[in-house]
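Here the chain labels run A, B, C, D, E and F in written order, and each chain numbers its own residues starting at 1.
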Amino acid sequence: MKFSLAIYGAPCSSQAPDTAYYFAKAALASGHDIYRLFFYMDGVQNASRLATPPQDEQNIPARWSELIKAHNIDAVVCIAAALRRGVLDKSEADRYEKDANNLADGFNLSGLGQLIDAGIESDRLITFGC
Amino acid sequence: MILHTINKSPQNPALKTCLRVAAKDSAILLIEDGVYAALPGPDLEALLQHKVYALAPDIKARGLLEKLSPQITLVDYSGFVALVEQYDTVQSWY
Amino acid sequence: MSETKSFLVLNRHAPYASNFAKEALDVALMSAVFNQKTSLLFMDDGVFQLVRSQDPSEIQHKNCSQTLPMLEMYEVRHIYVDEISLNERGLSEEDLVIPAQRVNAQEISQLLTRQHVILNF
Amino acid sequence: MILHTINKSPQNPALKTCLRVAAKDSAILLIEDGVYAALPGPDLEALLQHKVYALAPDIKARGLLEKLSPQITLVDYSGFVALVEQYDTVQSWY
Amino acid sequence: MSETKSFLVLNRHAPYASNFAKEALDVALMSAVFNQKTSLLFMDDGVFQLVRSQDPSEIQHKNCSQTLPMLEMYEVRHIYVDEISLNERGLSEEDLVIPAQRVNAQEISQLLTRQHVILNF
Amino acid sequence: MKFSLAIYGAPCSSQAPDTAYYFAKAALASGHDIYRLFFYMDGVQNASRLATPPQDEQNIPARWSELIKAHNIDAVVCIAAALRRGVLDKSEADRYEKDANNLADGFNLSGLGQLIDAGIESDRLITFGC
């Protein structure tokens, strides 16, 4: 089956990033496809490569980046939600004249249409709420 | 048929509202803080009118393994995936 | 787009304290833009999104309720509100800024079952 | 004497727990989603046993100005500051 | 430091779903490091922080309950738990990982009144 | 009086950043002093200068920066909470070999001791919870 995951919680304040990650790994291990990961609302913080947790805690953005690259997953971060909350790639940083960017490897900023598209194209869309 | 997931403890209205509208043939999966609904409480009986699953890693994290009602089925993340496959839609209460 | 599906946007959070109301409405409008069969359901504290006379100017927020009429412009006509949630909060139809169809538990149950995709906020 | 602030709607346990432990001489200030406690509801009577204030900008934002119980006193942010000054400690329920 | 004050760290949230438990405990320990009179009170879902046999290894979180005994090392001895919150959740003293004094509503009221500073989590 | 404010909520997911800001302005207007603003838990996101909200929404970090500078307020962001959540200044970015930083003007990263110190030294410490 084709699954898409919508992730609305930030690391540290929500368990959604954990549950979604373990769900995604289990789905792939069971032979399913991940059509898309869609990060919305505070979930956009999953895509900050500046997260620097202590050694004995998981680095959630880094863990996503690895999974995304290993399985070539489409990982979309809602651009409007991300801009509001200070998650930018190089091109948005340039557009808004910000002197830095923080989007982690493997994630792409794109529009909310990608969430609806995921709902249309996937067999199941699962919301991981905050 | 719908799979309802609940990730909030019973002090949040998510559980009560889910129980009010969930069709009899829908299943309920307790995840994250939702697993606290597996403890004795005013809503446990209504909950157990449905087929109820709980995510084992979250049950273990919270020290509830020995307090769990025997009518609740433990699943791991693969079991979560299998439930999503088995039911037509997922409704996430949070 | 390969097909048309039924999307339900389910709102259970009050406006202003968080971005739930705003970001959920954006999703509903986007679903309409994609020509999907789009419905909204307001439950629990989500019914507060529909209350009339909201004026967030002193907290310098945008007025969420003023964006609700856009749903009609985008031809989203299936707007439901949980009658128990209204009753528990002492609210009636006259308190609401847009018309919404009152539904009971059984109707909500059927509404959920009819959806291909449920988007929760 | 304590000033209790509540920023969650009555569906959160914050209000009930506050009312259970607040001393009679403490005041309660409703802010953010806490202002929904000013609507008719099962806890309103217990709430009004205390001196109750509500933050006017939050009441207005949520369209509650005409629904407010007359026993609740509206304050602006300066009034919030004055209350914090007047009471010895602030207990924030959230 | 100009004086000694009484600090109460009030915990009302369950562990793991968020960082509340962890970040509140850090505050309590820091208050002790600063030699302030430090108390902790667990209420509502916060009592779940005290439950025995927590094992978050499968979700790869740190075990919050294993850090609680550090309170004793830092000589934080005033640890209170709301008896109503325990009862509502079907929990008793034997379920708790560290000893905590059960307090009723009136005792909590007095405890709050005795504090110079209340830190809410 | 000397007030300190502890702010635990992020912009967009909590009203705490709004309420605390208007409270701080009103306190200053009433002739009180702000001993310290302390940003903890998700409140550290108040200090990200990369936040880029739409024109018709408030830029909360920028608004804090202005207030902090205008009144010379001590604005501390808990360093441990900030590192976990990807809010870094130049020196922490260098220490952890991150290629960017995002701490807004006027904020300082420092330890949790600053919260306890604020409790000791202020007449009132008010928590703005998320």
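Quick note on the criterion: a contact is a pair of C-beta atoms (placed from the backbone, for glycine too) under 8 Å apart; a residue touches a chain by one contact, two chains touch by 3 or more.
In this text the structure is predicted, and so the values were computed from the model without any measurement.
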Lowest number of touching-chain links that must be crossed from chain B to chain C:
1
If you tally C-beta contacts across C-F and across C-D, the winner is C-D
Most remote chain relative to chain B, going by C-alpha centroids?
F
Of all chains, the one whose CA centroid lies most distant from that of chain C is E
Chain-centre distance (mean CA atoms) for chain D and chain E, in whole Å, is 25
Measuring from the mean C-alpha position of chain B to the mean C-alpha position of chain E, what distance in angstrom results?
27
Can you list the chain D residues in contact with two or more other chains?
7, 11, 13, 32-33, 57-58, 89-90, 92-94
Among chain C residues, those touching two or more other chains are 16-17, 19, 44-45, 59, 61, 116-118, 120
Check: chain F positions touching at least 2 other chains come out as 12-13, 15, 22, 41, 57, 80-81, 84, 125, 127, 129-130
Counting only contacts in the complex, chain A reaches chain E at residues 12-15, 18, 22, 56-58
Give the list of chain E residues in touch with chain B in this complex.
14-17, 44-45, 48, 51-59, 61, 65, 88-90
The chain C residues in contact with chain B across the complex are 10, 12, 43-45, 84-85, 105, 108-109, 112-113, 115-118, 120
Hey, which residues of chain D end up touching chain F in the complex?
5, 7, 31-33, 55, 57-58, 76-78, 80-82, 84-85, 89-90, 92-94
Of chain D, residues touching chain C in the complex:
7, 9, 11, 32-33, 36, 39-41, 56-58, 60-67
